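Note that the chains are named A, B, C and D in the order they appear, and that numbering of residues resets to 1 at the start of each chain.
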Amino acid sequence: MAHRKIRMGMIGGGKDAFIGAIHRIALNMDGLIELSCGALSHDAKVAKESGEMLFLPEDRIYKSYDELFEKESQLPEDKRIDFVSIVTPNFLHFDPAVKALEHGFNVVVEKPMTFTLDEAKQLQKKVEETGLSLCLTHTYSGYPMVKQAKEMFKKGMFGKVRKIMVEYPQGWLSKLSEREGNAQAAWRTDPKRSGKAGAMGDIGTHAAHLAEYISGLKITKVCADLNIMVEGRALDDDGNVLLKFDNGAAGCLVASQIAAGEENALKIRIYGEEGGIEWAQMEPNTLLVKWLDKPSEIYRAGQGYLTDIAKHNTRTPGGHPEGYLEAFGNIYRNFALSLMAKINGEEPTSAMLDYPRVEEGVRGMAFIDTVVASSQSDKKWTDFVV
Amino acid sequence: MAHRKIRMGMIGGGKDAFIGAIHRIALNMDGLIELSCGALSHDAKVAKESGEMLFLPEDRIYKSYDELFEKESQLPEDKRIDFVSIVTPNFLHFDPAVKALEHGFNVVVEKPMTFTLDEAKQLQKKVEETGLSLCLTHTYSGYPMVKQAKEMFKKGMFGKVRKIMVEYPQGWLSKLSEREGNAQAAWRTDPKRSGKAGAMGDIGTHAAHLAEYISGLKITKVCADLNIMVEGRALDDDGNVLLKFDNGAAGCLVASQIAAGEENALKIRIYGEEGGIEWAQMEPNTLLVKWLDKPSEIYRAGQGYLTDIAKHNTRTPGGHPEGYLEAFGNIYRNFALSLMAKINGEEPTSAMLDYPRVEEGVRGMAFIDTVVASSQSDKKWTDFVV
Amino acid sequence: MAHRKIRMGMIGGGKDAFIGAIHRIALNMDGLIELSCGALSHDAKVAKESGEMLFLPEDRIYKSYDELFEKESQLPEDKRIDFVSIVTPNFLHFDPAVKALEHGFNVVVEKPMTFTLDEAKQLQKKVEETGLSLCLTHTYSGYPMVKQAKEMFKKGMFGKVRKIMVEYPQGWLSKLSEREGNAQAAWRTDPKRSGKAGAMGDIGTHAAHLAEYISGLKITKVCADLNIMVEGRALDDDGNVLLKFDNGAAGCLVASQIAAGEENALKIRIYGEEGGIEWAQMEPNTLLVKWLDKPSEIYRAGQGYLTDIAKHNTRTPGGHPEGYLEAFGNIYRNFALSLMAKINGEEPTSAMLDYPRVEEGVRGMAFIDTVVASSQSDKKWTDFVV
Amino acid sequence: MAHRKIRMGMIGGGKDAFIGAIHRIALNMDGLIELSCGALSHDAKVAKESGEMLFLPEDRIYKSYDELFEKESQLPEDKRIDFVSIVTPNFLHFDPAVKALEHGFNVVVEKPMTFTLDEAKQLQKKVEETGLSLCLTHTYSGYPMVKQAKEMFKKGMFGKVRKIMVEYPQGWLSKLSEREGNAQAAWRTDPKRSGKAGAMGDIGTHAAHLAEYISGLKITKVCADLNIMVEGRALDDDGNVLLKFDNGAAGCLVASQIAAGEENALKIRIYGEEGGIEWAQMEPNTLLVKWLDKPSEIYRAGQGYLTDIAKHNTRTPGGHPEGYLEAFGNIYRNFALSLMAKINGEEPTSAMLDYPRVEEGVRGMAFIDTVVASSQSDKKWTDFVV
């Protein structure tokens, strides 16, 4: 392990931002990362107040990410940050990400990775050119029981996968909240800041990622029906999508933000020839494992019978529930551990390298493009190609 | 109430049949119906043994339904049956149903109602001509909490419906069981006995019926992807369908018999502007009611706060679970009560008349035709018209 | 199987009675028993109306159980009933039960079996003298998953039992309902009709029976704290009891009728050295099986991997929920099948004989005596002896 | 807010310790506390390695807590720690706690607070004398839904409390693991390190604390049955306790570490006249609220309808599960916020002051004494006095 903490700067995430605060808890919890500097807001006053609230040294509270990159790259190596975390709205991911890489900083970036698929591909090229690391915060892949499920499919325990049902219903956009002062709602429903999809970009991408992550399969075709259910809204707030996978499996994906009364009910079921799994984000420590001719089994986080990778991503013994913040923390922890290994001249383990990367970001952007195109088409199937 | 039990004859349902035995429990439980005669099997020996096992009088154990209709119609009115229950495989519904009506007997018939949509429409005409009653055993609409949900939507408690998710995963056809001596599997996967759809006909029709029954809406378009996942099978064993409803709501319907490890997991979620419901057949005494800005509520069968129609369809106080057989029993009970009312020259109440009818049988057959056509089409949407 | 249905008469259970109606559904459902006559109420008018409602022949609607016994015993053997079912309040069990046996009729009786322990012992003697059968309706032991659990302990799958937690919280006596016209509440809280215990007699006995039935152990000592929580009530409406079992296991039993908001939440957990079970009456088709170092398993009614006795007590395939009425029906069905076997000169199978019997009724009465004595004592432990 | 982080030193919690690592995650997550120094092990090598692993400066990795107190108190005020966190086994709580207070440091200490009740009382006196703050890590009181429940009882929403059922089954001591190299098991089952109770001290105290914390009542009498179920063990590994509360409510408490197959299944149910609550630690984001004549309600963490104090103790929106570490973090966060307020010369809010304190530690030690005494007594009831 490195003889020092990994140092980071945050871009976005000022004092009233939702996701920035979440990132900070996630990166703090394991004591591996030090929040060293920030360009926390385009509003200088907010940036300053936010930096003070976070106990940042005055001279490392920056007014812009450009300033951050410039000043940080001039610092001596033993003070300079190792990476930045970009937690701005979607339209502001690409530029700071590219610049960070160009200044030699590794990158953590929120999803969807960029504003357009084209940007995503450019960013991928930049990552490859620089040899630096980019981590995409597909939080839900950070849960230990998701990793357990992935391992079970990888080992072929359920036979060939035949069916995938993934759903992500939320209810928080059931009203036209974007017109009622809800800042979260405002940018997420605004095509200029969010991109060409609403619910599908915000949460549908998580669902698609999870389906591919656990099953190890790739979506090859979609048939999408995106809807605007709340009058006056500009982007889809609901969608139902038929899926085909590269091994012949079929499935469907539901993402909705007008499922009134739902919180954050991401759930996935995958069925193979011999059995399958069911996992629900709101009770994340349980993985239901179903079998054709045997009782279903309740796999539980923290138990000795789990795979090493599930254990690696757990902090507490069984029955001490971990949640969303720990899943998020796992992504930061693995990213930090892999940077530490590099710094120390060691090879990161495969467990350390198990965080979502630029390739997955490109697929996410392609997913958005494909479902939007499919929804506008009269044809049943639209090919999902990157 | 009539001064006598209602009398019935059973067509099909010999000693090893699955659904016939279920019907008998359902019709027995309330002590309103007397199983008076039967044409229980096309195999004379099985018919006889089955009749004896059911304590039928020897002279009312018939060799065929033709014999049953002939002999029963010659009996004096105070012995003659009031209705027949037809529990044969799908291809054998239409002929006995039509003949029963022609001989003046009311009819209970399993779903799907007929073998083809055309038969269904002919049967509907026959029902209208004779003025007799036909009851279709869409069992799941017999559950009290389903009726509670229906009432809540009828009253508009959730505002306009926006989204319907209905799913019916089973796993029992994950292997090619029809080739391994499973009689149930054999006829249900055989186009000559089952009809043009497999899983969609067998259980997809239940899902579609439930969605329309509870929401009060009608499906207007479908986009179906039917699959044969087990090699060597002739009919769909899996399907995913996008739905559009007549009020603009969207949704999806999943029916699968290759969801390995699933039992009979019919589940429906309906979301309106202000909230919605969730109901799962495997825990049928609970109706989860969700609200936009209030805690979800757990409505429970047998409670005083339920609607009258939910109470009418319940036999036990809260916490004494009723199940599938009672839901089935409700259909028979309501049908019997409405016949009793007619016999006594009374007007059946709306609660008594709340059993599935020939119109729903026609819609069910049209659903099968439409999803099969859609699945074969390259167009995204296929209109659902009857 | 007998060439006729088993015939029974009902004592008590007039038209507004709760438990009588439940018994009728239970006995009807399998088509093995014919309700042939009744002494349904001490009120002649109610008796007559109730009999008519049940389509009993006029001459077999009796005014009293004495009349029933007299007249029925004079009927020819091919019309005469085989058994009576006694569904009156507790104080009225003993006399008709004894007289039934004396007239040669087998007996089904509600629990608690008698009004006093002394009566129970006398009744046991009478059963032994007459060689007739007595069945006690401890409904909860009729559930298939309860039988599955019992078998698993019998086979020693969990090692030596160490701990038993059984609880039966209800909320329906949270108010002084007995003074507000609730007839159920009135007799159950009245020492003259119910006996020396309230909640402990009504539902605590079920809990104690279930603990012994599943574990195969016997309670040897109790330490009881019975409470009257609603002012003005004469009998305990709440109780907590420490238990010791004959193998050294310890446990506790909770029975309460003032657990506001609870329905009928009987639940049992039993732990052995290697694992244990959890079963809850309100979701009776699931048996949770826990293991020391392996995932918990969800055993489900209707599945092929269950024991024969669990299957024998199930009517539907997995995922078609059965409930309280079917559990009750199992008791009647097994009792009827064992009578049929006797009538046919056959040996009833052990599955048929698996219904609660007079010995269990005696233990139930002893349990009531013991917990009441313990509750009044300053000593910690009171021996449970019969 | 203070212009600096709160600084702390850790006593115990070396690299292989379980609870120390948990404390560090909890204190790190909100970025309010800096782990500045430590006396992490009595083994100098372990202490050094542990300190390095935590990136502590070399000169603040101490060999003993005595050294820590001595050196830290000599540091200038702007470097010196504000408090210590004591995470050693039970027998090593009292001495460092007293010395910390004597050196002017505030204290966080694991529960049970001390080794004996007498020590607890001395410690309480010391806290009062010094005017410093002591925080006891009764983690489970840190959950937001526990705080929500407490508020609902405080407001009297359920009427007078009548019944409390609290249970804490674990299975991890089902074998004699203390003899098989399990270090956790070894000290927790050793009277010299753990104290006079085993399971009751380790987890029974949590259960008792939770019952009093939520209900606002005090236990006044207990009737305890403590058992050693695994042969060869020195302390109780299982216990069942009857409870009486100061308002007349009754209840029972179960704590067991031989409930094979259970993880950490702390659960509490409290019933008042009009309804009650149910909360289970393993699904901590849900509070089930039950009512006498209305549907049960599912209160969920992160929702707008919760009380301010529940919201204050939540970091994520609804549906993003928080868990054990966040509950633990809440205790550290509130403690840190109240220290910050003091440092800034401000009055801590009642929300900040809502962490478990020395009085609760004294009651916890008295609980242990009382249940042990009761278990050894033949008398039914033993008074719970402090």
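As a convention for this text, contacts are C-beta pairs under 8 Å (C-beta built on N, C-alpha and C of every residue); 3 or more make two chains touch, one makes a residue touch a chain.
The chain lineup, named per UniProt: A, B, C, D = Predicted dehydrogenase.
The shown structure was predicted, so the numbers you read here are calculated from the model rather than taken from an experiment.
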Common touching chains of chain D (Predicted dehydrogenase) and chain C (Predicted dehydrogenase): A, B
Chains touching both chain A (Predicted dehydrogenase) and chain D (Predicted dehydrogenase), listed by label: B, C
Length of the line joining the C-alpha centres of chain B (Predicted dehydrogenase) and chain C (Predicted dehydrogenase), rounded to whole Å: 34
Between chain B (Predicted dehydrogenase) and chain D (Predicted dehydrogenase), centroid-to-centroid distance (C-alpha), Å: 55
Chain centre separation in whole Å, for chain B (Predicted dehydrogenase) relative to chain A (Predicted dehydrogenase) (CA means): 44
For chain D (Predicted dehydrogenase), residues that touch 2 or more chains besides their own: 262, 296, 300
Contacting residues of chain A (Predicted dehydrogenase) [partner chain B (Predicted dehydrogenase), same complex]: 158, 162-163, 165, 167, 169, 171, 174-175, 223, 225, 227, 229, 238, 240, 242, 244, 250-252, 254, 256, 258-262, 269, 271-276, 290-292, 296, 377-381
Sites on chain A (Predicted dehydrogenase) touched by chain C (Predicted dehydrogenase) in the complex: 289, 293-300, 303-305
Footprint of chain D (Predicted dehydrogenase) on chain A (Predicted dehydrogenase) - complex, ascending: 1, 3-5, 18, 21-22, 24-25, 28-31, 35, 52-55, 170, 262-265, 281-285, 300, 302, 315-326
